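Several structures are given next for inspection.
Below, chain A partners chain B and then partners chain C, in two separate complexes.
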Partner chain A sequence: MNRFRSLLGGLLGWEFSLIILVGAALLIGGLLSPDFLTGSNISFLTANFSEVALMALAMTLLIIVGEIDLSVASILGLCSAVIGILFAAGVPMPLAILAAFVTGGLAGLFNGLLVTRLGLPSLAVTIGTLALYRGLAYVLLGDRAIAEFPAFYTNLGFGNVPGTLIPLPMALFAVLAILTIIVLHATPFGRSLYAIGANQIAARFAGLQVERVKLSLFVLSGLMAALASAVYTFRFASARADNASGFELSVIAAVLLGGVSIFGGRGSVVGTVAAVFLIGIINGALTILDVSNEILTIVTGLLLIGSVLVPNLLTHFRTYQQRRRIKGDSVIQ
Partner chain B sequence: MTELQNMQPQTIQPLLSLSHASKSFGPVQALSDVSIDLFPGEAHALLGENGAGKSTFVKILAGVHRREGGSLTVAGKSADFHSPGEATAAGIAIIYQEPTLFPDLSVAENVLMGRQPRAGLGRIDTRAMNARVTELLRELGVALDPSRPVRGLSIADQQLVEIAKALSLNANVLIMDEPTAALTLSETDRLFRVVRALRERGAAVLFITHRLEEVFAECQRVTVMRDGTWVSTGPISDYDTDLVVKQMVGRELGDLYPRGEMTLGEVALSVRNLSQPKMFSDISFEVRRGEIVALAGLVGAGRSEVARAIFGIDPRSGGEVRIGDAVIQPNSTRAAMSAGLGLVPEDRRQQGLVMDLSIERNANLAILNRLTGGLLMNRKAEAENAQNWTSKLQLKAHRLSDPVSSLSGGNQQKVVLAKWLSTNPSVLIVDEPTRGVDVGAKAEVHKTLAELAASGLAVLMISSDLPEVLGMADRILVMREGQLVGELSRAEANEEAVMYLATGQRAWAKQAGAA
Partner chain C sequence: MTERSVPASAPASPGWLSRLLMAREVSLVGLLLLVTLGTAVINPLFLSFGSVRDLLLNVSIIALLVVGQTLVLLMKHVDLSVSSTVGLSAFLTGSLFVANPGMPVPLALLFGLGLGAVLGSVNGLLVAYGKVPALVATLGTLYVFRGITYAVVSGGQINASNLPPSFLGFGTGSVLGVPNLVLLAVAVLIGFAFYLRSYRGGREYYAVGSNSEAAVLAGINVTRRTMTGFVLSGAIAGLAGVLYLARFGTVDATAGAGLELQVIAAAVVGGVSINGGVGTLLGAGLGALLLGVMGSALVTLRAPGFYQQAIQGALLLAAISIDMLVSRRAAKRLQEERKS
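For the complex of A and B:
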């Protein structure tokens, strides 16, 4: 109980405010449209952001160690193309999916090697591979769309957990989110991520294997994109090179809005999960109100800016308060 | 004996006189009823442990904080500073430990910032500016090119730029906040020559330093503070190290260098022909269990580089490192650590600690994998390990969940020590273990090192603090320009012998004797 309480104590604050906001967004949506708070609508709209949600989990860890992966949506597109082209060539679906995971893992490995071996900034590297991986997807599939997947797989994409309205991808997300929470907040690996993100020099001097940890997270990010690609491909029953184009913005918006510091060293999975839901629900509410796609994009953009701005302001405010509180101690050297 | 010590301070007017000043921040009384007089031509040491209120005191004189109560007189006139600008205008200049200059502007522009001489059309008259600054630097007896950019200057040179700036503002009260903390011995020596030149011009210099030997060599009067209050003021001849330390700490400190008899065990660390191009070459030595070996030398001699290469953080091109029986491969911090090596690095804030994390997280950082039950962290084991080591090292902190950045330098260093002692090392390398640490914490760190050695730890201590090297080490290895140039036993070691090896010059020994 004590463990639970101290864990909870650390999470309250920004995360708690987000959860309140999720509730408020649901309520407002319900007031705006009677169709909004129905089980089937909620089910549909949560399924709608499952790919973003999955990729946001790995992105949370990456941003906590002070790196970023802008190429996730392109990896998703590439993996989707791999599934499509292999299936169209007659490869059994399980093997095609396996190939997508291999592709995603290799794409993440390539990002990670460029960052950790050559010391390049991940922002630049993954902007490059954002274009590269999407380009490869077009090389594989061109403008074609591969559809006609077996019903078993497409059902996995848009089906619900039997007897409930919980979409299967969301159930998968829930399991992985809990795993990520445990890894980040209760394992040696998770402890090391915060140390690396806050000061990688000191982390190295404490014997932490900074490069190896970062490399593993880039690979994880690629694997999560591959998983998201399977979900996306089956949910829409369509493998296309431009699948999930632009999703990286939503993923990063969710992570930053979730309170993860863009400078690394700070953040939690609970924050990311709450932010994923908040963004998804706002988008869903606007969709049900027939707000145009352009406006949706504008809202996502504003949330991204807000998500960097607000926590920043909060941090400033907190440091200011802290300074006032400990000024006496700290100025006496 | 200078004239000042013989004359009656009452007969001449002080340049600056602060009396009965107090300052509180919320409920914290940082300073209460402190007084000081600064006379022309004196170097006055302000001594106190971290937390004694010295910085608050300086900030009041600098116009950063407003004093509560009391009076301030500068050059005979009553003064009350509302801003740093007013203090500067009254002739008070502060030289901080790490100067804040504009790196891309020239030395001359930094000195005359905002007051550059003008040529036609409002352009800066570079020639007149450089000439003026050359003149100022000559008065200080310093050879610096006024037209070069500040970027790339050593901290020592940057301080001199600040001093030249103070001089150009006709400052006659200079306050130096730990000016020598980051300087090499020769740079320190040059700084003190400049200080003497300033005093001869009639300026008063207020020194804040942790290095007592500098105080006794360079200062005429001393003021000691403790816990925000004034303890004593008097001519230097009334004090000795023991008295100063006792007044600063408020109790008998015991021995500052508590090195007892040692019992040598087997070889714990053996380094053979260690080399790294442009850093160091052919370094060989051994450290036995129970032994404290100092690695002395000037800053830049390659001592820290050797330590980092042994630890595997930095590469090495050749040579062999053994810890106990294990041969340690290059670039493998992991292997070095699991063989029993720990490294307390020189830069506490950058290398030693993750400042944003808590005391507990920092103390446990090197043994995360051992504080688990199965795959998950064991919160109880985490708390116990941190608690165990921080209490053994007498860490002063409110809660172990507080960020490590809230601690004083000495307590931060104890957290770094706790981190490494929890790995249960057989060899510990400590790089500048007491830099920027006040005298009370310094004595505690020394005591800890001596106890650890007595219990069989092999300690390799890198230090630029000569009294520390002489007081703590059983053997002293001296490096110069990347080479190991000599070894001194405890019996042979003295300041001159170490400095002769470190500099390769007898001439230094003379200066050291004078300083």
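For the complex of A and C:
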């Protein structure tokens, strides 16, 4: 009961507002265009942000422990190149996908080792590996594009769950999101992430293996990027070195908009999921309304800033009022 | 361990030579010489007038941006929005020239500075007064400024053929063989390096980044200093946008995209700490130069263009890793000295 209440209390905060906003965006989109609230359109537009959504799950956990991974989109590109080059060399597809996962895991491990063993700031490390991994993707593939994957695999990318309009990548995302929610909010491991993010030194004194936890999260982030690379490669039926470049900022924007604090220790997966949907749906609505893409860029930026600025201003206003009331009282006395 | 023992003889303070050798700038210069001479031995054309000129022109825009970024990094903040500011400034300046071909060049530079200062003040207000973390605020304005650029450009682009000859002449011109753009970048770099080293205002950037609470107690107006830093970073990025237009002539809505990471990389390679309070502009400028030289050496050595990005990334990682190992060893030595 207690856990239920705290879960509800958490939901009634920022996450709840986001969910309301998602509903509002759907409604406004539907009012403005009759083509918007059709099953096939919603299906199409949710498929469109599945890679960002997948990577945002691992990023949520990383930012909660106070780290960040700017290299995710580059890992995606590298893994996509690995799939492409191996497939072109005649390696069976399952093995190529496996190799992509190994690559993603190793890339994440390398990030994690630099951060946890050398004590380097993750922002600097992953700016470096952002260039390194994308560069390696170019070394592997150059400016070639490898296409013509077997239909079975491309169907995995842009097909739907049989009998429904739910895109397969989104079904995968739903399963992983639920798993992440359970792990983060209802297991000792998940709770330890908040402890580490809130105060790393206190967490270490409390016996938490801070370094090992962080390392595992970096590996997870790499693996998620590998998974997203398979989705991306098959959805567009194309393996290119520049696949998904620039996605790292969309992923981080979604996580921060979802209410995860950049300083760590605060946030929830529900918030991230709602934010991913909000950005994706506004994007889809603007596209169908023929509003140019630039407005979306501006809206994403404003939402991101607003998500931190508005609560800050509210707190400021409240303390200001309190102070005035106290001053007023002392004058009366 | 009951009381701190006083060392019998004070440890000899390191002489000027070893201090010189320890300085980040010296190892950067050494590395620069190594790469330059090594490449020149294999292909003498590397040191030809034209290729050096090209290299310096390319570096000048990054070097300029590094100045603003360093001011912000010193205060333990970051400015990701500079690339979008460059794009917007380049395009708007270009449009101004298309509308009034007779506009004098200094006015264009002033326009870039002013526009950049306005955009920078948005970041400053958000970070200094709104208490929004710099990473979030400037990631947001990176999107917003770029979006505004897309909206203004709406599919068009500025071509060199639309720009007045006076401006194109400024872009290609030089004084005593040194290109104008390089002179401008070097002047800004030296001016700010001097300011950071020897002026009260400059030292305040270090104080804020080292310990902002202590800075407040020391009577520094941290809020105003933060605001100033972001305004300066924006203004310099706006100026860099005008240079970008002068250098490339052709500008579309994506101008400058992705520069922010190169700029941060240059600053970090140059020894500016991402944790604030540490670094010099001389080092940061050398970092920009080193990255530029590495890039151009790779082209000269006929390394496939595809290797460049990977090597730049590896270089950045090596720089920060070595830095960390060196400072760790220094800390350990200090501890041992205290113990004995």
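In this text, the second predicted complex is superposed on the first by the 297 of 333 C-alpha atoms of A that agree within 3 Å, B and C clash if a C-alpha of one lies under 4 Å from a C-alpha of the other, contacts with A are read in each partner's own complex, and residues count from 1 in each chain.
Here is the rule we use: a contact is a pair of C-beta atoms (placed from the backbone, for glycine too) under 8 Å apart; a residue touches a chain by one contact, two chains touch by 3 or more.
All values derive from a computational prediction rather than experimental measurement.
Judged by the touch definition given at the top, the superposed model places A:G128 against chain C, while chain B stays out of reach. Shared-chain residue A:L118: touches chain C; no touch with chain B.
When both complexes are overlaid on chain A, the residue A:I42 reaches neither chain B nor chain C.
Once the two complexes are overlaid on the shared chain, A:A53 sits clear of chain B and of chain C alike.
Of the two partner chains placed around the shared chain by superposition, neither chain B nor chain C is touched by A:A100. By the touch criterion defined above, A:A274 reaches neither chain B nor chain C. Chain A has more of its residues touched by C than by the other of chain B and chain C. Touch criterion met: A:I295 reaches chain C, while chain B stays clear of it. Looking at chain A, you'll find no residue that touches chain B in one structure and chain C in the other. Considering their complex, residues 24-30, 50-56, 59, 65, 228, 313, 333-334, 337, 343, 345, 350-357, 361, 364-366, 368-369, 371-372, 375-377, 379, 406, 408, 419 of chain B touch chain A.
Chain contact summary for the complex, chain A toward chain C: residues 114, 118-121, 123-125, 127-136, 138-139, 142-143, 241, 246, 249, 252-253, 256, 262-263, 292-302, 304-305, 308-309, 312-313, 316. Of all the residues in chain A, the ones that touch chain B in their complex are 3, 6, 182, 186-188, 190-192, 194-195, 198-199, 201-209, 265-266, 324-333.
The part of chain C that touches chain A in the complex is made up of residues 78, 126, 130-133, 135-137, 139-144, 146-151, 154, 258, 261, 264-265, 268, 274-275, 304, 306-314, 316-317, 320-321, 324-325, 328.
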